[in-house]
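In the two assemblies presented below, chain A is common to both, partnered first by chain B and then by chain C.
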Partner chain A sequence: MNSLSVVIELAVSGLVIGCVYALVAWGFTIVFNATGLVNFAAGELVMMGGVISATLHTRFALQPIVTVPLTVIVVAAVSAATDRYFLQKARRQVHMTLVMITIGLAIGLRGAMLFLTGKDFQFPPPFSEFEFPPILGINLSTQGVWVICAVAVMTGVLWWLFAKTWLGYSMRASGENPRAAQLMGVSPRWVSNLSFALAGAMGALAGTLIAPLASANYASGLYFGVKGFSAAVLGGLGSPVGAVVGGLLLGLIESFAAGYVSSGWKDAIALGLLILVLLLMPSGLFGRRATRV
Partner chain B sequence: MSSLRRSYRQNLLGLGIAALLLVGVGLIVSNSFYLTTLIFALISAISAIGLTLVFGFAGLASLGQAAFFGIGAYTAACLTEFYHLPPLLSLMCAVASASLSAWAIGRPLLRLSGVYLTMASLAFGLIAYLTFSQMRRITGGLDPGFMLTHEFSIGPFRLGDTHSMYWVCSCFTIATLLVALNLIHSKFGRALRALKSSAPASEGVGISTASYKSTVFAIAAGMTGLSGGLYAFFMRSFNATAFNFNLSIELLVVVMIGSLRSVWGALFGAAFVTLLPTLLENLEDFKLFVYGAIIVAIMMFMPDGLFDGLLRLVIRSPRKADV
Partner chain C sequence: MHLKHFFVTAAVLSTVLISHTAGAQEPLKIGAVYALTGPVAPYGVAQQKALQLRTDALNAKGGLKGRKLQVFFYDTEGNGNKAVQFTRKAIESDKVDIILGPSTSGEALLAAPIANEAKVPLISHSAAQTVVDPARPYVFQTAQYDRIAVPVALQEFKRLGYTKVALLSSTDGYGQSGTAVLQELAPKYGISIILEQFDRQDTDMTAQVLRARQSSADVMLIWSTFPAPAIILRNAKAAGFAKPIYNSFAMAAPDFLNQAGPNAENTFVMSAALLLPEALSDSHPSKKAVMEEYQEFLARYKEAPTPSAQHALDAMSIIEDSVKRIDGDVNRQSLRDAIERTDIFGANGHFKFSPTDHGVSTENAPIVFLLVKGGKFTAAR
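Let's look at the complex of A and B:
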């Protein structure tokens, strides 16, 4: 196998996982823009996407065409519920307390998935059984193609939502200035709920997409969450474009690190990148907001 | 006498009572299982006192304390095992190495605000765990882990058995409490409370918030490193799994069940969390969920900690603002 095809294979797998990180990072960004909160439970939403769809397949023998939408709806509902029944009720607390609540919710969701579904690593089936023939000596995984296509479609849909629809305008307005938005007839509470639901849906979709490749397990949310946050910060927290670019970039960096350095250290390298970015370039590539005290 | 002076005396009195209690328990209890549970509670308490200073007094949510626990444990274990240093010296080196690494990582990171700092500490904790797992030649990684053949000893006294380790841990707990209380009732402690309440205002009166934050972070890491070293000497055989994210969460839960305003809460929290498995059967499956539920409930209803909230209910005083 020549080195060019190695590079291309690493790049492709990097893009695949990068798409997942991009979705998580975008979820972070949507919630951050609408509420100013960093939702520590974002990684768990991805985990739940994978675990719930895998469990639905194992217990009820449902096919991906059914499990995926069902999972997305369930997780979106759970995410909206965490906002409505926990975060909104605590709105008067200081910011750090709200962050701690999201941390507690993340742990609680992880724990709930643990006793609901157990500790096994589950592999739900890929979305289709079609096998690509090797192109230029590279084997493309079908699920990988699904991931990239799904994320591309999602990107288009969300761009249209935020740029062209009334709903998108309301969410952006509420994020920029809740009072003014309220005066214009937009309810910040509704927008907050909706943002959490949307982030939940995106995370769950990411989870269902990647689970056939990387397995679904109750503990995987931690790394998805931190890496998704890394991607968001790398791209600039608050910028949707940055979230996607950051996600893809992080995926590529991680993939090449796994290939050329060591697969055992790839997570440490990806996390080290977060610390590096926070130290050197806290507003990321496209970000506007300051992160310093 | 001012109320601050009076409460320092009260705290010292409390320290004396705590010391007497620990001595009493040590003389009465001889069952090895109970002593082991107490030792784990004391080790947990030492870390928790540090985290109370960082989280409760300075307002920095650190999700990576397990890193310093591990650094302390491996430093103490490696120095004793590979370089044959006397155990007490290794323990002191464990404290030093944990503090120094915290200072090194903290100085640049603590300029970040709230959430970014929390995420960075989480990332750091994970990186430390991954490093411990990967560097198998030094640490033994996840499997087979580290085997400490020397037991803890001070000079000619061999203190490796459970009862002796209880005395050792009790002494260090009292010492840690003393350090923490002295820190709180000093210019340092007042500066910490000021910067938690309002960083810009503190800067305005000349408190260098970055340097105070890194100092308290380093001190707390040193305490956590101490408990890590004690853990290594007590367990004698351990692997990297002990230092994963769950430990960081457990320490945070201990502080939340305790008090964000008083280091005494750390003792209560440590006792509660160590005893929790004995209260609930099959806890392992539910432990994570229970921890999450505890964090959410306490943060929503008693944000200064459970012990603090309960105490307030009993003595019927209103919750003070963040001062």
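Let's look at the complex of A and C:
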């Protein structure tokens, strides 16, 4: 029960939840980069990841190896559909209108999930049953390791996507200058669809990863949306690196504030620091562009 | 022209006569403002089932004083604003004679004043003392509340020799209400409280568990509704928390066992006796009411009731008892006056209402301690 093990336990706990925040923050960032839009339904995508994978398990007795990819695909498709059939039809509207539409979509998705998956809190099984032996007196939760590994892998994948592939270039180009990108043969509409699909996949992954630890429930979208958005803003909206840094930082601050200062004040401390950062660096830690409202 | 006048008068007279006689058979309207969906739906749904079964049984026997019971159910989703809207709807559009619910304290604190102002009796199923203290003329409460449950818990801790309690509570209405009462009453039992808090929707309480472990408390008490306690138990197991863990009566439901799984093993839950009637001693004055309510629910639904059901059943017992004592017209006012003179034993305890006391009695509450063994609730001693 020494203080080193406490520090490590708090750090691990903070990292795990920080990774989940990072995934949600990526959802915001990718969409923002490609379309300039803040998608306030991002939290609901996380919620859907959780409840759909949990329901697939309870109703059809499918194992995580099946439910997780299936859920990610379904939610990515739903997210792309919300873009194609709702947001793109309103593309000529004022920005504020588009934001309101995403909020409306969030409410609609929440209602749909209540109807389809019920009101209960579901705890689906962890991805693997293997239990780590205690290291230095600390018990690592297997699911926590999955979370961290998944985000580490995704970091690599996203970096490769945006830095090395034509697809990534198109998305970045379309975000910076849609007209020029169009002239170069990139379809902004298609890029927009793809970015929403990718954001849906990120969110769903976050949802399936956290559900065994924290439960899946139709009402949890707002909570994740707020945390993910705060993480994205902290790191700098528009910066994928910022999203990861922001997410991990937010998770760690929450965990250490609860562990060493006061558990009742942890959210106030974490968000207070966010405000402080924004006062000093309005674009966030890694942000490059100002957000248009 | 005379003939026309005759027919008009006859029509008017007959409508008046018919409506007057129909008045005697007008149903007694009950508005049930419950959380039927949403995170706290387990409470509301159990109450709806309980209410349905009791009103059906009474209607089969001809209703109360010849009037059939008509229930209007409203789903608040556990949302305070909806609770207020539906309370208004029940009073103004559906013109109910009495309101049952809401299911949670947050909703009740918002909805009760509405009923009180509109002079409609309301029997709440919430668990916060502040709903009926100070007593408002038209607001009553059947559920045991924290001021009743807390002394029982503190007495048990004192009996077991615990002097330091690590309290992990949520920051919502339920957690805060319990925390306030615990902090107020603990010194009287020679117990000190170490407080750790979390948001009801938080995903990880490792930090709070570690602090509880560091504080060398003798026991952990969790005061929160779903889903946090299941998460805390998992965190506690991972952190190797070795002291006994107690949960408040909010976890006295099968959903707790489903959510926490093996992590709940060997933990304690405070519960109304209805969850496990055999844990209550036969000599307890509420034992009869508890057994009756348990049996009637089991007979109709083929499943055991959760304690939330008793709030609705006790409310109906109070209404039944009150209507018997009314001479003359049964309306909002006469119901309220009769309810205020109630003196019966329900599953929640002794209801001895008076102008200053609109809640269940604090003495000898039928609360038991349950130990989770083999994935089931068992009597702790």
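Throughout what follows, the second predicted complex is superposed on the first by the 268 of 293 C-alpha atoms of A that agree within 3 Å, B and C clash if a C-alpha of one lies under 4 Å from a C-alpha of the other, contacts with A are read in each partner's own complex, and residues count from 1 in each chain.
Criterion: a contact is a pair of C-beta atoms (placed from the backbone, for glycine too) under 8 Å apart; a residue touches a chain by one contact, two chains touch by 3 or more.
Everything numeric here is computed off the predicted structure, so don't read it as measured data.
When the shared chain is aligned, chain B comes close enough to touch A:99, but chain C does not. Of the two partner chains placed by the overlay, only chain B lies in contact with A:279; chain C stays clear of it. Touch criterion met: A:267 reaches chain B and chain C at once. Once the two complexes are overlaid on the shared chain, A:89 sits against chain B while remaining clear of chain C. Touch criterion not met for A:126: it reaches neither chain B nor chain C.
Measured by the number of chain A residues touched, the leading partner among chain B and chain C is B. By the touch criterion defined above, A:13 reaches chain C but does not reach chain B.
Shared-chain residue A:69: touches no atom of chain B or chain C. In the overlay built on the shared chain, the residue A:114 is in contact with chain B and with chain C.
Contacts of A:226 after superposition on the shared chain: chain B is touched, whereas chain C is not. When the two complexes are laid over each other on chain A, chain A has residues 114, 223, 264, 267 in contact with both chain B and chain C.
Taken in their complex, chain A has these residues touching chain B: 38, 86, 89-90, 93-97, 99-101, 103-112, 114-115, 222-223, 226, 229-230, 233, 262, 264-265, 267-268, 271-272, 274-275, 278-279, 282, 291-293.
Contact residues on chain C toward chain A in their complex (touch as defined above): 37-39, 41-42, 171, 195-199, 201-204, 206-208, 210-211, 213-214, 226-227, 230-231, 234, 237-240, 255, 259, 261. Against chain A, the residues of chain B that register as touching in their complex are 59, 61, 63, 108-109, 111-116, 118-120, 122-124, 126-127, 130-131, 133-134, 199, 209, 245, 249, 252, 285-297, 299-300, 303, 322. By the touch rule above, chain A contacts chain C in their complex via residues 1, 6, 9-10, 13, 16-17, 20, 114, 119-121, 123, 134, 137, 139, 141, 210, 213-215, 217, 219-220, 223, 255-256, 258-259, 263-264, 266-267.
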